[in-house]
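Listed after this line are the structures, all set down as structure tokens.
The same chain A turns up in both complexes below, where it pairs with chain B and then with chain C.
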Partner chain A sequence: MYQYLSGILTIIAINVTAVCGLTVLTGFTGLFSMGHAGFMSLGAYASVIAMLYWHFPFIPAMIFGGLAAALVGLIVGYPTMKGKMRGDTFAIAMLGFSETVRLGLSNIYPYINGALGISDIPRYSEAWVVTLIAAFCVYITYRYTRSKHGRIALSIRDEETAAELIGVNITWEKIKSFMISAFFCGMAGCMYACYYTFITPNTFSTTTSNNLLAAVVFGGMGSVTGPTIAAAILAMLPEMLRFVQKWRLVLYGAVMILVMLFRPEGLMGGREFSIKGIARWFRKIFSKLNRRAGEVSK
Partner chain B sequence: MSLLEVKNLTIQFGGLKAISDVDLEINPGEMIGLIGPNGAGKTTLFNAITGVVDIAQGSITFDGKNLSKYKPNQIAHLGISRTFQNIRLFSKMTAEENVSIGISSVADYDIISAFLGLPNARKKDRETREKAREYLAQVNLLEYKDAIAGSLPYGIQRKLEIARAIATRPKLLLLDEPAAGMNNEETMELIEFIRNIHRHNETNMAIILIEHHLEVVMNLCSDITVLNLGSVLTRGNPEEVQNNPAVIKAYIGERRSRA
Partner chain C sequence: MKKLISLVLALVMALSLVACSSTNNQANNGNASNNGGNASDDGGDAAGQLDTDNPIKIGYLAWASGADAYMGLVAIAALEDRIEEINANGGLLGREVQLIWYDISADFSESVNATNKLINQDQVDAIIGPDGSPFAITLGSIVEEAQVPLLPNCGNAEVTINDDGSTKPYVFRVAPQNALTSITMAHYAYNEMGVRTVATLSESTNISTVEAVDEFVKEFEALGGEIVAQESYMLNDTEFRAQITTIAQAEPEYVYMPAAAYKEVCNFAIQLSDMGYSDSIKILGTDGWYNPDALAVAGDALDGCVVVSALDMNSENIAPMVEEFAEKHADLNASLHLYALYAVNALQFLEYAITTAGSTDGPAIKQALEETTGVEMITGGSWYFDEHHDPVGPEFTILSIEGGEAVSLGVYSVEQ
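Now for the complex of A and B:
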């Protein structure tokens, strides 16, 4: 039982870390990506190579994986942002990117065994370690989005033309957000590899990308805590729905549809989760109830 | 030396000449009006000055620099700022944040400090916030500092957009129909507002004003240029322009052909 719970916690932490990155890109810069599994894959492979061949310890290897993903992010980001890709074109371009990574890795045999993948990766991803890392990532992402860098990204999402004409270098700012998202996804990839102890090019699929994007939209664009909560819920949901057995993935889809139907702005809708916010929310409900009670007593 | 010099400017969209052979000049601290019927090319001229559209012929010189070599964001840093015909505020951000982006459109600390919230980053954030409040106070919008820009009343949004534009400390401010959609009372208030920011600023700012409300232009500008069908029809002081038969024909003639 303990192992089962710590397993779920690990998966949540990995998802949250990756979603932190994507929330900077999608939630704050307004670029939808359907291919961030590619960065998770690259990060995982880079860090595994660092660990197995160069004997890096876990944390440096994880950061190395993140940096490798960010470097590829720069190479991919420069032409796409320079070409002013956004919206659907960018999403599709990223889909192509993740497929390229998958097929590319499947055909490289030295060091990484092509489609067979790498096994016997040391199992560093203890539940408490990755949870701490994920919590730290949520905190620094929150700090980043409140900083000038984050506000400038948000200005691009809100009104790109105005941002550019006021002096924001939108190409560079977008590349920056892109590289940050790649960095976090790369780290998450490393954590994943060190939990399952083996990876293949097919480990991180389009489904992974879609789940990340779903968590950001589900949690609310322009919020950090919203997608964090959503990532946790989406990671837990398939487990929580195990009692309905084969129907669980159907229910999973139905829950997503219902949330998007009744709360299109996402769980938090651009706001952040805070104790103060909850208190305000309760006060609002109480005052409403009071008013209604008053009307009844009249 | 003049601040902005537009010479023989021609802009083409495919086969259509949106602007042909337009000359325009403005000196530091001046305020000139730009009027003309719909489709005369007024906004296109602004787009050309801010680097959004490509120039087919001619040149635009600002402060001695040829603007065709610069990108829109670089032109903004040279000291040209503008507002838009349809308001383009950062609608999900607060009024204060809108002005903050105008004050520092390039983050002045590195990414690591931003991630970790280091003291130098927080200090610079605080400085920018204080400066933003100063600007808001200057234009009497301080009471709205924490309001989400998109939820503000229309007239306030217009003013906030102007406040955001002057927060970049421009030498030249381009106002594109600031009084569009306003009633008389709001328009009179806006005239005072623009006159105020023109008088009290640190950079001896020049203003070019596009406006359909003639009373706004007549009230504010000593010099008016009339555009029609992409070329300069005439220029002069308000009375001259008002009594020019060609101007009347351009406006009224257009109306007759539409009926």
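Now for the complex of A and C:
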């Protein structure tokens, strides 16, 4: 029982870490990416090379993977941000990027074995380790988005021209968000490789990218805790729905449609999850009920 | 109203999570194929003594949703039929046999999650599958730790062997290795068919097809043949005209296409025919896509293709099984295929091992599997495992496709 639940917890932690990155980019800076699986892939491969060939321990290898992904983020980010790509053009450019990474890695045989992938990766991703890392990432993301940098990012998301007029360096701020998102995804890629112990270029597919983006939108743009909760739910859902057998993935899609239909602003909207918030929410419900009860008794 | 509905949705999610984590057995019942009821109805005295309180649980990791769901759904039905038969004949060690299957098609991590669930929650005695190498490679250490034998039906070398060359102790492959299939095809094409120029076509990121093509190229060139073009396509591609144009310019006699599923081959063959090359270029294929349904979909377009397969679907053992399956499972709308038969072969190995060992302990089953000198398979022949836990016994049959039917050209083996 323990291993099964810890396996799911590990997957949740990995998803949460990757989604933290995308929260900064999509939720706060307003750039939609459909290709962040590419950064997970790069991070995974870079860290695995560091572990297997240069004997890095897990955490340094993970940070190395994150940095490698962030570096590629800079290289890819500069021309796209300089070219003022945003909205659909940026999303499609990122889709192209992740496919390029996937096919590129499939054709490189020295060190990474091309499409055949790398096996026998040490299983370092213990549930408690990755959960701690994910919690730390959520905290960092929260602090970042509440800082000056977060507010600048929000200003770009909400009104880019106005932000530029008040002197915000739009290109640099966007690149910064992009690199942060790549860094988190790279780390998540490393954690995934050390959980699954075998990676191929196909491990991180377009579906992975879509799930990350879905978690951000599903959780609420402009919230950190919303996407975190959404990432956890989306990671658990396929396991929770096992009782419906082959209809499982159909139901998974249906739940997503329903949530977006009834809560287009996402689970948390732009708010954050807090005990105080829940208490306030309950108080509001109770006062409404009381009022209704009063009306009925009249 | 909106808020109310959202609240209800959130509650449903939360409740289903609680239900899933607290009542393990409920979820299992959904996927458990309990054939005990049938058994006691049909089985007479033997089934009357069947111990249904303490069943032998066999897990199966199935590719059971999405475009290639036929791979898993057909295998599940075939395994259930076999288990029904076993239970009707008194079960194993007097105990009822149960199949518990989980779908693993959503993403890679699912095979690890499903295996952990089978081992930890359902406490299965052995696991059959998965049929995809990338899903199976990672499971060696998990089943070793839990001492639960795993019998995957897929072909990559690393499924049973670690990087350092050691054998994964609890993994026993029940399908031939990709390399062996490709080498056999290369030898047959060069020596028996007199083919000298071949082009290859692989799915660029699919580990099995890439490995199969690599092995074929190595062997065919070593024999003296020439590889005139190496083309690739992407996952879920349906359009092959660009590759066909390039391949046609290189003028090969055959195209070696070891696809993992039949739809790509059908599309390729139909487009080859549409473009007018079907007379000059034929396909060399493997059992990854050899399926009666492929022949039905592609029709005449596959005529003249040559396929190497470890099981001959037209053999006297298998042909009646295919027919019987089609009658019994008409609702599935899919034919019995090779990978389902490999899964049934895996179940036969387990039947043998559990009966021989007189126990369902992992180490005892493992020992019985390692020590066997041959288990008579319902698909024909006697199979056992070599020191790397690869099957010895499957004989490669060469099939030629003529008039939409596969015609057996006989058994062929590479002389060492």
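The working rule: the second predicted complex is superposed on the first by the 298 of 298 C-alpha atoms of A that agree within 3 Å, B and C clash if a C-alpha of one lies under 4 Å from a C-alpha of the other, contacts with A are read in each partner's own complex, and residues count from 1 in each chain.
Basically, a residue touches a chain if its C-beta (ideal position, glycine included) is under 8 Å from a C-beta of that chain, and two chains touch if they have at least 3 such contacts.
Source: prediction; values computed, not measured.
Using the contact criterion defined above for the overlaid structures, shared-chain residue A:A115 touches chain C, although it does not reach chain B. In the superposed model, A:K276 makes contact with neither chain B nor chain C.
Once chain A of one complex is fitted onto chain A of the other, the partner contacts of A:H55 are absent, as it touches neither chain B nor chain C.
When the two structures are aligned on the shared chain, A:Q245 is found in touch with chain C, with no touch to chain B.
By the touch criterion stated above, A:G222 is placed in contact with chain B alone, chain C being left untouched.
Touching more residues of chain A than its counterpart among chain B and chain C is C. Overlap of the chain B and chain C contact sets on chain A: empty, with no shared residue.
Those residues of chain C whose C-beta lies close enough to touch chain A in the complex are 2, 5-6, 9-10, 13, 16-17, 20-21, 24, 26-27, 30-31, 64-66, 69, 73, 102-103, 105-110, 112-113, 116-117, 119-121, 134, 137-138, 141-142, 156, 158, 162-164, 204-207, 210-211, 234-235.
Contacts from chain A toward chain C in the complex involve residues 1-5, 7-8, 11, 102-103, 106-107, 114-117, 119-120, 123, 192, 195-198, 200-203, 205, 207-208, 233, 236-246, 248-250, 252, 255, 258-259, 262-263, 267.
Those residues of chain A that touch chain B in the complex are listed here as 140-141, 143-144, 146-152, 154-155, 157-159, 161-170, 176, 180, 222, 270. Residues of chain B touching chain A in their complex: 50, 52, 72-73, 76-77, 81-82, 84, 88-93, 97, 100-102, 104-109, 111, 113-117, 121, 124-125, 128, 164-165, 168.
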